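You will see subunit A twice below: alongside subunit B first, and alongside subunit C after that.
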Partner chain A sequence: MAEIQLLQVEKKFGEVHAVKPMDLTVHDGEFVVLLGPSGCGKTTTLRMISGLETTTSGTILLNGRDVTWAHPSERDIAFVFQFFALYSHMTARQNIAFPLQAQGESKETVNQRVAEVSRLLQIEHILDARPGALSGGDQQRVALARALVRRPAAFLMDEPLGALDADFRETMRAEIKRLHIDNQATTVYVTHDQIEAMAMGDRIVVMSAAAVQQVGTPTEIYHDPASLFVARFIGSPGMNLVTGRYHGGQVHLPDCGAYTVPPQWIAPLNTAFGDDGDVILGFRPEAAQVTPQGALSATVYASDLHGSYTMLHLELCDQTIVHVRSSRQSSHPIGTAVQFDLDPAMVRFFDPATEAAIVPEVRA
Partner chain B sequence: MTSVKAQAIPTSAERTTRQGRRQVSDRTIAQLFIWPTLILLIAMNVFPLFYSLYLSFNDYSVIANQPPQWVALENYEEILTNGRARYWHNFTVTGRYAALSVGLQILIGFGLAMLLREKFKGSGFITTLILIPMMLSPVVVGLFWKLIFDPSKGFFNYLIYLNPRAGDQWLSDPTLSLWSIVIVDVWMWSPFVMLLVLSGLSAIPNYLYEAAAIDRASAWFQFRRITLPQVMPLLLIAVLFRTIEAFKAFDVVMGLTGGGPGDTTETVAVRLYSEAFLGKFNTGESGALAYIVLIIIIAISNLYIRALNRAGGD
Partner chain C sequence: MFGLDIPLPEFWIAYFSLFWLLVGATATPVIFRHRGYSRLLGILIGAVIGLVCAVLFVVLLAALKPLADLLDRPLLGTLLSMVISAAVILVLLVRARRLVPEARYDTAGTRPATGGPHTPVTYSARVDQVDPNRQAWQAIRASVVVMLAALTLTPVVWMSMTAFKSYPDAVASPPKVAFDPTMEGIITLLTRRRQMTDEQKAVYAQNEDLNWADRVMLKSGQAILGQSDYVKRLRNSLIIASTSTVLSVTLGLLSAYAFSRFRIPGKGDLLFFILSTRMLPPVVVTIPIFLMYRQLGLYDTHAGLILLYTAFNLSFSVWLLKGFIDEIPKEYEEAALVDGYTRLQAFIRIVMPEAMTGIAATTVFCFIFAWNEYAFALMLTADKARTAPPHIPSMIGTGLVEWAAIAAGSLFFLIPVVIVTFALRKYLLRGVTFGAIRQG
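Entry: the complex of A and B
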């Protein structure tokens, strides 16, 4: 079991930052997900933790031990690759036994541990097949078994489900989560799939453009995004963001009337903008309710039924489209004018200049 | 509208080509291309193959001005009984030569490939330089190595002995003469093994080594459990090609020692040549010998190919 600490870890390829200096502590037994669009530096970060990539500067500590320049084999970590990286010339059994044999374990230990881990992952029936003959899901199970069999201090997983079919992905997601719960092993997991991140992570590290945008629990990331990037990136669709002008306790939307700011937000907004300034109002689709008494008006632009709910696309007067979740019974024909209101507890504000969220005083 | 146009234009063009094809069909054209090659092959390869098989059952000499006389298996019997001692010597020489030169070529070729595996400045140039011996004509190689080995004029002894005057008579010393042929063959053909192994090495995906580093495999363990098995199919092809070549070893041997001193370097191919063309022109018996060699080479190749399938197959 292990605690991983990154102190000002940085990676440059030439003059380009792959990872800007970042700090991160992964606590013992924690499941941390690095989430971000492709090319944001999440895989590079993971590879630096593993030792497969050198750092440009900064320190990596494993259980307090400086491993910045240690070879991957000296770090006692296991790595699960996106494309499995199984040894193609060996059977599944030989693949799983490889890390044990590399350490010179006795034949009995190897056989016993391989049997144990393949029972755990339910791959006993495919042990004598070569990777090429296995399905993607089974290949990744073998790769997981190879990672588990050594009982490493920490697991690093680089989009392990990225190469799998969609229906397999959900099964494997549950399996990996279950494995984590059973073993309580420190895990760092890289993905670009926010649903996967929300479902699996104890904490999520959102990265973009080589920098950490926000670190927090899935709930924090979803409800209190620290920046416009996180607000847009998390959720499908992302948070609705409407630009307006803050003045006198109200956000004036261009030509659309005004939204009265909930009382708990007036003080923070005053601190941020004084009494007059551009502001971005953010709310999740489920924070809005279409009611005749609603303060905001819009026109129905489109409406899709998602089975259990209807997603309304509403056009505001400045032609911004916002997404609003509504019950599946209600019907709003395209083109009709509707009024909607926002749940005061679920409204967030952003500063358009810094792109950062306005922090309410209670948490500041 | 556009579709009508698009149809109309190719139809007129098609008509002319169709008329042209009506006179000479595709099949005829194909045969016109194939038959000259087939005739050449039949005349130069297939006919001699079967004619020599026929002659191997006859008492016949090309210079004797007498028609072949059917003797059934007598030529084979002669080789396997009365001539056995000397033929057996030829085969052991060939076997020793094949084992030594193929073995050394694999070691040196593999070593060179491992060294040239990582790209560095000038590695492409060095690879090309190493490949030069392979491109030379074997007879030329034989002749100039004869000069290199020459104890008074050649520089081989200068390179390997502190006191070159006390150096060895490489080509005329019965214990060293086979080694000198092995040295030349290794010099010439190790690059071939290197080339095959190099292509095998470059096909090993890097992530296997990343996985192995994570799995805490030592460098030796990685070589033994990943590099070697991954390269094995290509390595076996190299061994197969070089073994077949070694069994046919003729030109370099003739250029260097001519089978001497005595018969110490007389490989099967050299013996075959001297039976068939030197002095005796013993065409029938040499035909029989050639077929025995053919059977042995086919047998060895099949063993290798079986190993190859095992190494590469699922």
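Entry: the complex of A and C
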């Protein structure tokens, strides 16, 4: 298998940056997800790794070998396209065998490997059909089989589930995850779906505006977003962000009283702002609890039942809406005033000037 | 061609009678089948209705002739008869459906249940579910198509017939439909001959080694001397048309691929320039090209015409093929590149098969253009490289016109185009294999 390293890799189209210089190491056997809104450069990055796009500057190493200017066929990687790119003039079997024929494998080897991989993906019964006659899921399986059959050093997948129906996506997501666990193949996976990214990735690379925003495990990305962008982008709804003023160990929300900063955050906040400065307080919906003793007050703006829990939309005094999870049983009619409190372990702080998160020294 | 105003009533009588018969025989069974009768009965009744209408048409034509003559409009009679008999057959068909009682033995209610969960329902089993009026209209439309095709093919059929006629049969008036087929015309076309006096003929007939062609020509007192120019012309046509087609499709494919896939500076201008070579009527440039060719030694050479036709077809093939290649998603080749193929291999193994429809269509069009081209061939060739199109009219020459030979020449000229078109017919049907990539 393989380790992929990107060193200061950059892509410009004319004067426009498609990908600003980025560093990334994908370890052997790791499943790395490139996540970001469309146009953020994630697909371009993937195509540069595959060699389908040239780099403007920087170095790409595959197992320590410099492949920056190598032809795609010399890189020993497989690419799964969003729209599968199955050759319509060949049957599924010929499609799967196609990469092996490039290597000049003998007929027996080809047949055996095609049989193996189609058993693995359970597509033996459709091998003689043309792609046009297959369902989306079967087309996807054939595309995966074509990638797997060659046993490449690494897999690159460009939104492979994007073209499938929503409920079928779950099944295929599990299949791809399972394949990865069984084969331990280095995989780089591009998606704009943060749920997919959280579910599948060993590590997630969040990209936006051609630059890497944060690299981390799904837990890190979710709980410790490095910037306001990541905080907003991950989670549905994203992290609640409330602007306030930090002063004397408290965050003063305009007209809404003050939130007492948990003791472990006082030192970092003092370092960042001195004793007085604008700050953005961030918390996930599940970090808030509606209790009569809560320090923060708000009025109920709306509430939706999500089955297992109720999502309350609370309006603060400055008309910011925050989303708070509450238990299914509790009922809060619209317009009532409520108090809520935040779990001290789950609050985060951001600097509005730099948009970056305040990092406690223990972790820094 | 026959025009509507040509007083040739016999033809129209035959033609329309056949048409009504066809309509009757195809549309009525649908109705009768729907009512639960056997198809055969429908065909029979339909044929009767058709016959009634055909007779009506003939009678009307005769009856309206004085009126048409009076107004000096021969067309009027034919048109009126057509309209009236068409109205009658439509009314009869619709009425017939209303009047026919449902057959008692085989209606939907009493029909034994042959279906059920174990018998798969086929489409033909559900024919009774389709609106019979719709089916009847489809039958009528099909009849119209068949008759129009027949009308279009008439000149071709006539030409083929003339090719096998003897001279008296070919020029006979009224034209002969039944005749004794002879190979005279074809042999005349393909050979040079000498007219013999009676004594020469007698001596010639004594020859032991006369083949069948010699014997055929002996009847009209001619001795075959050798191959005619036509064979040479046809061979030239074949060489020039096929070489220039292969060249323009190959070059066109390569440049269309480059235009479609790579970032080329000034791409739009280049494409427009290529297209602009088409905007000039070819006749305008024949003289300059003639002068150039004479200087360059390309006058009356195969290479000269091949070059010209290739250049001419290239703009067409680049534009047409670019459209087809644009439709092939570039992920196809990218997948092949990643899978270990070079760009050339990806082009040959992926792009070419996927663009086969386009390649076939372009080939047919290029071939037809190069095959039919007349003006340049007339101007730029004299003998060595002269193609068939300028040669055929020159066969009319002076004196007696050998219609059979001319018809045979045109027939032979038609065959390669038909072969090329038929051979590539399967690829000309588009969209059969498209759609493996879902355009999100």
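Simple rule for what comes next: the second predicted complex is superposed on the first by the 364 of 364 C-alpha atoms of A that agree within 3 Å, B and C clash if a C-alpha of one lies under 4 Å from a C-alpha of the other, contacts with A are read in each partner's own complex, and residues count from 1 in each chain.
Keep in mind that, in the parts below, contacts are C-beta pairs under 8 Å (C-beta built on N, C-alpha and C of every residue); 3 or more make two chains touch, one makes a residue touch a chain.
Because the structure is a prediction, the values reported are computed rather than measured.
The superposition on subunit A brings subunit B into a clash with subunit C. In the superposition on chain A, contact is made by A:Gly136 with subunit C only, not with subunit B. Contacts of A:Pro99 after superposition: both subunit B and subunit C are touched.
Once the two complexes are overlaid on the shared chain, A:Phe83 sits against subunit B and subunit C alike.
By the touch criterion defined above, A:Gln5 reaches neither subunit B nor subunit C. Once chain A of one complex is fitted onto chain A of the other, the partner contacts of A:Thr55 are absent, as it touches neither subunit B nor subunit C. By the touch criterion stated above, A:Arg146 is placed in contact with subunit B and with subunit C alike.
With both structures placed on the common chain, the touch criterion links A:Ser326 to neither subunit B nor subunit C. Of the two partner chains, neither subunit B nor subunit C is touched by A:Gln213. Shared contact residues of subunit A, touching subunit B in one structure and subunit C in the other: 50-52, 71-73, 77-79, 81, 83, 85-89, 98-99, 102-103, 130, 132, 146, 150. Against subunit A, the residues of subunit B that register as touching in their complex are 205, 207-208, 210-218, 221, 225-226, 229-230, 314. Interface residues of subunit A facing subunit B in the complex, by the touch rule stated above, are 50-52, 71-73, 77-79, 81, 83, 85-90, 98-99, 101-103, 130, 132-133, 146, 150.
Residues 329, 331-332, 334-342, 345, 350, 353-354, 356, 433-440 of subunit C are the ones touching subunit A in the complex. Residues 50-52, 71-73, 75, 77-79, 81-89, 98-99, 102-103, 130-132, 136, 139, 146, 150, 156, 162-163 of subunit A are the ones touching subunit C in the complex.
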